[in-house]
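These are the structures in question, set out in turn.
In what comes next, chain A is part of two complexes: it sits with chain B in the first one and with chain C in the second one.
Our next item is the complex of A and B:
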């Protein structure tokens, strides 16, 4: 039976995966074992298992209130977990206070000491650790160089732009060689241009360090840009975790796919019978190989639906345009079709009037098939590699 | 493009001009008028030039009042500002007790000034007042109506009781506006609670504290009702602050010329000192 075969294949993949992480034990740094947090009867983070390695860049991806900040505070030791244990380099650090953990954190707000100069701000963790003045000068200088704020060392934070303030905060976070650096939406309060600028530099700045970097964001595009690994968070649960590309192309379930899609992924209910997928009597296409008969929810990303196509296999979807947002070289078209709301994101300028009938083409070879429990059973043209 | 000349716009400014004129300019000019003339009533005036100003500025009585005023103001500032900050730091930031504390703190500010004076007047009486009686039972020879030291003690205690709350409320407003992330960042750095106060809380409270100090300076320099009800400036002249002295000269002795000159000097002293305070306290921000 093909269904059983598929499940077996998934099971084998899962075993292979845990075996791989087990083999990488030497690199392992931060390990969450069934870590959960409840506050006043309300669950903020459900028991979570997660292994983050040294030298890795990990993105926590989720909407506001998904539990990103709580999870980071648990990792840092700013909050105590209500269940589970936190291990660092094979040492249980669950009860260890944050100042003894060698952790750094950068916040959405630009947190610097207001009446210290940039130099003193960056030097502050080294001064607490009682390093010599020569050592401090050397390290602060190098860090300021890396963050491109060498010219501002004598200024106070209030005399800097938002981007420079955040660079100062990042320099302070990195100067002490932490084992764990947590970045909680550090770019969210910056304006667009500064955000782009700093975002492009982040992999270079953090990539070379032998520490665990965790970066929380609400934007899927940031996770994709950074690469590394991504954990998708939804309502206090880590719904998926792995190499960013893999998570993007093969989300474990519908929820993870929704977390990792902006604009939101399109979904529709379909049936598979006699080798074909039926959305309704007009919209039907050849089913991917190995997919058992039954009901599925498909997920198709907005940029796989376009008003124009050269692909003869593309499936035409006819609907009524709600609104077409044209921004520079991209068009985002919201439309209703077959009782569902759809979004298409395509290159080029494609003007439509609201209420206009339109035909858009879905590249169904790129669509995800989720079973009735929301688990991914087939992705793209039926690839199942993990 | 030609600038539109709209004379009608002046009508919209007029109400404010009238208000300010009656509220500030006319009274001030009346005082200026008195300060350069001599009068014996009946609306008969003689030109006096700067004679009254010379008299006030060289009068030992004025010097003594000014000295007492400065002592009073700087004593209460030295007590109320640190005490207010300490109380604000000790107040809870979250939870049901916040509103309880805030209401308790606001209470003294809501009591009319002459009532505060009357309260402390009775409170401090050595025979029947709770404070006066208690101190005497404990063996202290306390009598604020006879001993200048006791009068000062009561006066300052009353002002601290009445006005520290203002500093507390302002400092508290400054404290609660500091995002949690600052405290977390300090905790991660391993900063001591003194460092947190010195490098986070104090700089973040600086603006509201500037306002608190300015307000307390101006109010305490102008203070009249409470000491006048409490001690009436006595015993002797020991608690005769500037405003009490001024009222004695103007209404007691009916020396309108010297009183007017003194008012203007008084006003300029407050203006000058407020300016100095403000400049010193905000100096770092302009650098």
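Our next item is the complex of A and C:
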């Protein structure tokens, strides 16, 4: 009966785990091993390998329906994976119910218990864990202080603003010293000002914790702001994972680069021959060193294209302006570049009329070169090893 | 124009209230006055009708019986409907939509259809003429209604609330009792109200399934014929008292019912 023996071994491990929770400082990680999820014949998450370390801030970056929420539910144990295993601190927790996993979750919708006061909301995980009233009072007080909602403890969630409701939800998520904190687009439903405010506080709030923080977002700028590590998600696959700065500057492939760019990255098909890159007869530039001859797809971020330049190496691209959005100090110019839809994002106000012919300058030294399979070959003018 | 905007509502309310006023007014009249002349209000106010009802056990036990089986029915219906509605609202399972529709079709058959089978069955198993008999018979109509109303309210609560509770460490039963039920309290109030109302006004099954021990007030009221003819004053007093429990319950759930309408149910 190898099955029974294995189950017993797991049970013993689980008991050991509960004794040592939070004290095993060294080998700590959330590990996904080939974790996938299919629902009714439809794949939501393809088998995924991922290791998230304690004390790290991990961003899941991807558009809506990329599988961020499903992946988080798998991590939390709210959903059972169809394939693969989930390990935490070197213990297989795949079959362990969410109640026994010591995780927290904050949702995009402001989820609080409407029948309880803010105090009771924050205290609820501690009450379930049967902590003493004195300790609950102390910890809830400290958490409310940190989240700046001390004055609202006697109110009901429905009497709070959206920002305060989300602060309550975050306080509840953090009050119990979870091993894993999952934040599923927590700022998406807040208005701009509150979002900025809370976003600035997040690294401070989650920074000093010895737990795995996972933050899902659709906005590349948030990932860059938080630093840490980023996983790019596209249609149920993790296309790239690593230190945020690294995968921003050296995306593994075209898909990852597209996920990690807002406005979308500009692409075009080019050829490399005789040391030069040819986009067409008129647009050509010196190829980066070491790039073999052949066909490539280039990717260039919108803020590396500008209507003005001082860089003599910049490549002039002539296009027809579709629309120019001027917002205060920035100009976003959508234009047609030899058949491809491109965007330029630049400082300063650069008005253009729709249909106007314009010359925009691309800083090709910041260009990504992807081979025909979409894999990154060279970035920022240099050859790249991935 | 604005100065006369009260006219139509007033007429409407008068039309609505007239039968009730007539009933209440009759209950304070003597039978002679009711049969003898046309009077807009009682010429000689009498409390005899009410006195009879409150002192004669054959009368007041009718109310007691009704209240007992209505209460049993309401508690039973809501208690059974809560888990069912939760399943319909939270899980997808084989044939869930068909089952939900089939539940509702139970309400489409007239109660009379079920009177005979219930009578025969309950006589056979020996619960004829008990409060339980009527309460059980009424659940056939009330459980589908309660499931339908509660499902609407429950679907208005995001699934993430359940997940948050599990993440916080609540087991399913603890979550359901401590968090979910308080969250949909308004829906439970509305469902209970409709169960109460149906069971309170339903006559045919209640009358068929009882004889003496559990005879409802409505059945008692149909037996007011005496040697001197119908006792209309007494009947009116009984009718007036029948309205009161419903009015009290409506008062308590009036705000929730508006909420129920807003959610597209009720």
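Keep this in mind: the second predicted complex is superposed on the first by the 355 of 386 C-alpha atoms of A that agree within 3 Å, B and C clash if a C-alpha of one lies under 4 Å from a C-alpha of the other, contacts with A are read in each partner's own complex, and residues count from 1 in each chain.
Going forward, a contact is a pair of C-beta atoms (placed from the backbone, for glycine too) under 8 Å apart; a residue touches a chain by one contact, two chains touch by 3 or more.
It should be emphasised that the depicted structure is a prediction, and the values quoted were computed from it without experimental measurement.
Superposition of the two structures on chain A leads chain B and chain C into a clash. By the touch criterion defined above, A:326 reaches neither chain B nor chain C. Of the two partner chains, neither chain B nor chain C is touched by A:153. Comparing which residues of chain A touch chain B with which touch chain C, the overlap comprises 73, 76, 78, 98-99, 103-105, 107, 109, 111, 113-115, 124-125, 128-129. Chain C meets chain A in the complex at residues 158, 160-161, 163-171, 174, 179, 182-183, 185. Considering their complex, residues 73, 76, 78, 97-99, 103-105, 107, 109, 111, 113-115, 124-125, 128-129, 169, 172, 176 of chain A touch chain C.
Residue ranges on chain B touching chain A, taken from their complex, read 179, 181-182, 184-185, 187-191, 199-200, 203-204, 284-285.
On chain A, the positions that touch chain B within their shared complex are 73, 76, 78, 98-99, 103-105, 107-109, 111, 113-116, 124-125, 128-129, 158.
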